[in-house]
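Order as written gives the chain letters A, B, C, D and E; numbering starts at 1 within each chain.
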Amino acid sequence: MNNTNTDMEFLPGDFELVGSEKISRIDEAYASQSYWHDIIKRFTKNKGAVAGLIGILLIIVMAIVGPSLTGRTYYEQNITHQNLAPRVPGLEKLGIFDGSEKMHTSKGSVEQNKYISSDSSKTTGLEKVYYWFGTDVLGRDIFTRTWVGTRISLYIALVAVIVDMCFGMVYGLISGYFGGKVDMVLQRFSEILNGIPTLVIVTLLILVFRPGLLTITLAIAITGWIGMSKIARAQVLKLKEQEFILASKTLGARDFFIIFKEILPNIFGQLIVMSMFSIPNAIFTEAFLAFIGLGVLPPLASLGTLISDAFKSFTTHPYMIVFPVIVLAIIMLSFNLMADGLRDAFDPKMKEV
Amino acid sequence: MKKYILKRVAISIVTLIVILLVLFLMLQFMPGSPFNDEKLTAAQKAILNKKYGLDKPMFIRFINYIKAMLSGDFGVSYTISKNTPITSLLQTRLPISLRLGGQAILIGTAIGLILGLIAAIKHNTIYDTITTIISVLGVSLPSYVFAMALSYGLGFRLKWFPILYDAKNPFDSSVIPTISLCMFTIATVARFTRTEMLEVLGSDYMLLAESKGINSFRLIFRHALRNALIPIITVLAPLVVGLMTGSLVIEKLFSIPGIGSLLVSAIQSNDYNVVVALTFIYSLMYIGIMLVVDILYGVIDPRIRLVKGDGNE
Amino acid sequence: ETETGNAGTDTPAATEGTDDGTATDNAGTDTAGGNVLNVQFDVEVASLDPQIATDGTSFEVLADTTEGLYTIDASGLPALAMAEGVQKSDDGLTYTFTLRDAKWSNGTPVTAADFVFAWRRLVDPKVASEYSFIAEIANIKNAADIIAGKKEPSELGVTAKDDKTLEVQLDVPVPFFESLMAFPSFMPVNEAFFTQQGDNYGTSPDTILSNGAFKLTSYEPAATTISLAKNPDYWDTGKVGLDGINYQVIKDSQTAMLSYQNGDLDVVTLSGEQVEQFQSDPEFHNIMAGYLWYISPNQKVKGLENLNLRMALALAYDKSAIVNNILKDGSIVADFAVPTLLATGPDGKDFRETTGTYLSTDKAKALDYWKKAQAELGIDKLTYTMIVEDTESAQNVAQFIQSEIQTTLPGITIKIETMPKKNRVERMQSGDFELGLTRWGPDYADPMTYLDMWETGNSNNYGFWSNSDYDAIIESAKKGELALDPAKRWDALKNAEKIAMDNAVIFPVYQKGDAVMIKSGVEGIEFHSVGINRIYKDATKK
Amino acid sequence: MEERLNDTMENSAGNMTYNESRDTKKQDKKGAKVLSIKDLSITFKTSAGEVNVIRGMNLSLYKGETLAIVGESGSGKSVTVKAIMGILSNNGKIDSGSIEFTYHRGQEEVKEDLLKFSKKEMRRRINGKRISMVFQDPMTSLNPTMTVGAQIMEGMIYHYKTPKKEAYQKAVSLLELVGITNPEKRMKNYPHQLSGGMRQRVVIAIALACDPELLICDEPTTALDVTIQSKILELIKDIQEKTGISVIYITHDLGVVAKVADYVAVMYAGKIVEKGTVDEIFYEPKHPYTWGLLSAMPDLNCSDDKLYTIPGSPPNLLHKIDGDSFAPRNIYALNIDFRKEPPMFRISDTHYASTWLLHENAPKVEMPAELRQRIDFMLKEAK
Amino acid sequence: MSQPLLEVKDLKQYFRINRRFIVKAVDGVSFVLYPGETYGLVGESGSGKSTIGRSIIRLYEPTEGEVLFQGVNISGKLSAKDTTHLRTKMQMIFQDPMACLNPRKKVIDIIAQGLDIHHMYTSLEDRKEKVYQILDMVGLSKEHANRYPHQFSGGQRQRIGIARALIMNPDLIIADEAISALDVSIQAQVINLMKDIQQKTGTAYLFIAHDLSMVKYISDRIGVLHLGHMVETGTKDEIFSNPIHPYTKSLLSAIPQANPKVEKQRVAISYDYGTSGIDYNKGVQQHVGGQHYVLATEAELKAWQA
């Protein structure tokens, strides 16, 4: 064992006292870390979050440029082009997206392609036509309509999140924090609002409102926030007896100061994640509004209305519903992944990766 | 606590009455009347309104309604099932919705919890990613798309289950509707379970429990889960109400004679009494479940005190 | 969650129509067992009380279980049923019916008193039957006054001379009186049984009596499944080919079709979307229905009072594309105001057969009219909102018309507002609209069921059109001298239609057809566009 | 007595002789080795990078003995014992080393490397039953949604299938033992209804409930007043005397160390810098860090002067440490301290320290005068 | 002596656990605290030390009794002015340095919180300056201002807590086990800091702790609490050299000394209220001499002093 010792090389000055000047007094453990740098680092290290961000950017880009890619408008009808299955140049050679679809009848299923006549002596006039996502019952280009609809749905998503954040969150925070009578009154009020089925409330909106984005916004504002307020309330109930809240109280912090400056930052991450869940709800509320005449006016369509319209052809032309659903799913997935990433990145306590 | 519950119940009754009053007011403004067939002349409508007492002022109708309701009389249907007492409509339809919704909630919650737990325990693994995707899809796809896909796949192509609901065979025939109904619940519960469990699993008391050497099952279900339950039951409560009172779309798709589809028809045809009765049931359940949830808050997490002065003199 | 659904529970009434749907042979797989037909409904039965029921679905079940004085035969003409014989007075004001020996399902005989009881209920304001107006249409003596509360129900012009003899008195002769007698509102009700059941009448198999081909075996209010079995006590039971009927309420057409393909249903109605897929199927059938779909312009709206503009709008859209490409369900282009196959005249010919067509699509002419209108109105741009109900086909048609008008008539913008049917009706009835896509179903087999709509002051004259010549014809054809001369009346009605069409009071679009699938092996279902839509008495299933 | 805290010697240098012989007398009295940690190294993965929290640690514990681990906050005391329990957080990784634990299965004595166990095996065979732990933070280490009674009884019922009634009785008596008045009532309380001290005692009761062979107490008495503290320390001592269990204490309170410990290990920045019998550490400390630690303690007898503090703050383990990790704070630092890590120098069979000051070439540096004074006073008092 | 800074008169604080069970956490405690002085509060855990602190700073509504702070009664309903006075001039340092700092706030914002609440700065620059000054005072550097609490060691965190209290320039700081979570050398740092500050600013401390050597080191006077009663109070010398109450005796005898040879032999005097036959409710504050008081009946006092 002593042999390790013999390997030791000592330098001449090794065994001299250094003296006190070299002794560090300031620790530099975190001096190099800047807050934003840290957040960005944490965010970018989270693969899901980055994927979500890319997904959202992609969807936004497509919502901006998508409708002008095909040269067709979202309202242009070509009744002779109705119910065409998706056909994409290039891919069609692989046997997918070649414009053919299967039809099930009581005689069994048949493969048909409306672009190219099976009888080679006849032409359909569609041989050179490509609809990437196919066409709907009125012969409109689903690709263009999908991206136009995406714009509206993104707007609705934004509205839903804002309503959640501005209204539901504040409501829940106040209700949970003050508790007692305030809670009682606020909770009873939301109970009254929520105790009437949404269907009834929304149906009645038709009396007061005219169709359009404002109405959609209001309709979401009326009922969309309650779920969020409940979550916010529950979170506050959990937090409000914590010691740092007591510390604020001893400093004379006003209740609203405590609510918004002390509690809110601690639950914001969770609330963001929650509010992501209200997006699909809002999107389908809009579809329902459209259905009773309060949504966007046809021929304009949102993803929600595209889906609920295409649903009628689900068993006959399933491709019509597939693309709006995929886009919606991508939106939702991206938002959720990003929300998760954001929550983690903004949480200074999260040391782990 | 007992006092608190009594007080809450009393307030809930008032809330219910307010809801009914609001509803009466709102129905007043519903376009058309139950008898808004194009073919009816004004005189004919007047006769009908008189017959059903709809010519009286709203407030009188409200008082009469409440009075009748107290004796268990919810009035008769005007259009959906003409002159049928609503109680008899409910008698046959409510249990069906309750059962189906109950099934969906139970199954949905169970699966959601399991998925959420797996995701939290296997944090940052492929299982986690899969549950995230499942739960996001579960909320972003409308239930009718699921329902149709299922009845096409399981019902029509594979013929495993009947497509339509059949009162004589309520078990088999409720499989597909139940699955489609519980997707949303699964997704929501899974997601919230995951988020909360991640926090709970990282806490000190879980370490202590682990150091006691009890098995994972007990660790998760006895120690962790309860601490994660608050947000879960918060999101679950409205889902319970929504499902138990019948899904509008699913009941229509599968021809389920529940109260969800009834509500849609009632609103579409201004069948006031049916709308009011169904809303009453809905509100009753909603308020009841909210009360239960509030009480559960305290039961689940003894630190939560809803009443000031409870434990602090 | 969102909800799509059909509001429609309103239905036509009265007699006659056509059959188109007798199915071909070939055995199909039978799941229900025996000789039981499985039929889809898209709404629940609202009532099985003949005087309370108002909708086609209820009527269909009522017609299975109950028989009135007449029924409608396969060719759409009235045929004797409970009545064995009839005597009509020369002035056409008194009918005397002799009843046949028939029994209710509880064994009591069907008597003339059963009819008297039922008909008095029909007009009794206390019962407040929504269909009481049909007694006015039939012009039964004192009906109008009783309904208005001026006279007692017992004063109604119907008397039971004895158990088997029923006498009916009319105020004015009614050319289509016999076919009206097949209408469910005139079906008999057994008084003793009815009073015994009280409020529960017609709510279960035990609380209803049957004198028709089938009797109820399973039913409850708003049930989604209804079962009927062959009635052994029916007077003509030997001719009944089915052992029973099962109705299944399925509101979603895709689910219905899946069930049909699964073999759970024998008769199912298709949505437009599904037609494309099944139209070449041998089990596919087109049935002509009575509904006329048209656009009603509100003439109180600035610009729409201008005939040239109305003409321009009426001619601007391609109706054949609508029926062939969008609806595909056998609907036909409507260049008229009175549908085909609705009414047969004194000449024995269908109304349409001897009249012209109006307002056929002509985009070039439409543009000419638009130019004239622009000059007359002194404008070059116009925007109108069209209100449309929320059904799939209405929306598709509306969007198509919107696009057609906008391309054919540059400068006109059409906006579409969708809403539930009751909202549309309410707004149209109150004149709160510019253009409205609406429909009308016939109540009885006479052109009048359409033409009296455009009388000045009629609540269904949504467009507030008013023309005194037109009003005069209608008035006289109803109760004046024309009523006494069927042939002259017939010609006058043709003239009235021409006046309305020349004025573009409405812009007709199409007459609705129904696409149904009927399993091979099922035969003999009678389809009618007026009154009872389907009659299964002669149907068989192999 | 021989090198008994330090089985594998990383290094021994200078005039220190390394002796392999065993002190059989001691072993007889105290019994076999219960725990032996060899060359343990633990790394945590964090967003900022990998943190090498335990950097080669060697430690043994014999049956019936009490070992105290002292050291700066964050020096890795808790991590070490968590590693023994197999409850490191998920981002922690054991890079190398072994933790051998000797225990009884029935009559049979088994020796196994705990690091080879899966979490599941740990829970089934070791945790709670054979090793139990009192956690550092009583405020958060009790499950807020379970009554304290249930939490105490759980282990007994789970491991030994003790009937509920019996478990209840035992729990009540345990609560009484740790000095909680009204134990029956307290059984039904939730943790938030107890004061910090009560909670800490509950945690201790939980650890004692299953009669473990090795008890680890991570700052078991920080929230307790001295009377209760001494009660609890005596209680543990009693149990130890009766059953011969081994105990590891982690504490900041040198008074407690003095009271309970047989051996003391001083930790700094993931390493043990000095270890020895309690007397050796208190009366003959060799490492400058230990000097600092002893000086910082207020003394009941000392004057109102300022308390001594160790300058600076502990190193950031994210960065690789060159040389002695304590060097930057060491007023006696040598040049070599910034270059080379010091080995463990043997001072006596039981006493080792890791500082270059012990090297033969190093200048003779004595402990600070005040400390010397204080120790002398203590020694005098002891007589 | 000057006018007392804080007077606690017969303070009672009860907690109702359920209908039958009321915890009398503090049951009639009185004491005074003079400006610039440190008053140490020791006692069994659960004896109501924290509760006294929290009642004084009005985190709890006292059940009964009076608290006078600088002559103002702060135990009843407070006017806005008195509230501000209380909230600025009396501050608290909490036991758990992590739990009492909002994990999502930067240190600068945590420290400046009191300033923010009471608008005690003229510009942002001023605010920053004040925070830096305080940071310097507690031995942190201004680079630390933009970090988050979790990025600090325990001792540093406690310094932040102290800085937060100090920035208000308080006349009284309640330190509830402010050092028990820290390791020895850091404890020393914090205690030195508190003493320094006291010398500079003349702040008084109500120092709640278990570690009697620390209490002795820092306090001028000490109060011994048992089961919600103040059983003995006096200057630290009076208490340490002449303990009278059996509980105090037992407490002092239990102090562990960092001297293994002594410590291993030492036996603590045990004291059990239940079996001692003493009833705190019967006792009154008996003056022993100087500022030394004991809760006892005449007879008890005699017996104990004998």
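The definition used in the following text is that a residue touches a chain if its C-beta (ideal position, glycine included) is under 8 Å from a C-beta of that chain, and two chains touch if they have at least 3 such contacts.
Listed by chain with UniProt protein names: A, B = Peptide ABC transporter permease; D = ABC transporter ATP-binding protein; E = Oligopeptide transport ATP-binding protein OppF.
The structure displayed is predicted, hence computed values, not measured ones.
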Lowest number of touching-chain links that must be crossed from chain C to chain D: 2
Far-end chain from chain E, centres as C-alpha averages: C
Between A-C and A-B, the pair joined by more C-beta contacts: A-B
CA centroid of chain B to CA centroid of chain D, Å: 55
Inter-chain centre distance, chain C versus chain E - centres from mean C-alpha coordinates, in Å: 89
Chain D and chain E: spacing of chain centres that average the CA atoms, whole Å: 30
Centre-of-Cα separation between chain E and chain B, whole angstrom: 53
Of all residues in chain D, the ones touching two or more other chains: 89-90, 137, 193, 313-314
Residues of chain C engaged with two or more neighbouring chains: 1-4, 254, 258, 261, 420, 423
Chain A, residues touching no fewer than two other chains: 29, 33, 199, 203, 206, 284, 308, 311, 314-315, 351
Chain D partner contacts - residues on chain A that touch it in the complex: 1-2, 4-5, 8, 10-11, 13-18, 20, 22-25, 27-29, 33, 38, 41-42, 45, 350-353
In the complex, chain D residues that touch chain A: 9, 11-14, 18, 45-48, 89-91, 311-314, 316, 318, 327-340, 343, 356, 359, 361-363, 365
Chain E-facing residues of chain A, complex: 26, 29-31, 33, 35, 242-244, 246-254, 257, 261-262, 265-266, 347-349, 351
List of chain B residues in touch with chain A within their complex: 11-12, 15-16, 18-19, 22-23, 26, 29-31, 129, 132-133, 136-137, 139-142, 144-145, 148-149, 152, 188, 191, 195, 230-231, 234-235, 237-238, 245, 248, 263-264, 267, 275, 278-279, 282-283, 286-287, 290, 294, 297, 301, 303-308
Chain C residues within the chain B interface of the complex: 1-5, 7, 9-10, 43-47, 49, 52-54, 125-126, 128, 130, 132-133, 147-149, 199, 203, 220-225, 248-252, 254-255, 258-259, 261-262, 264, 420-423, 425-427, 429, 440, 443, 459-460
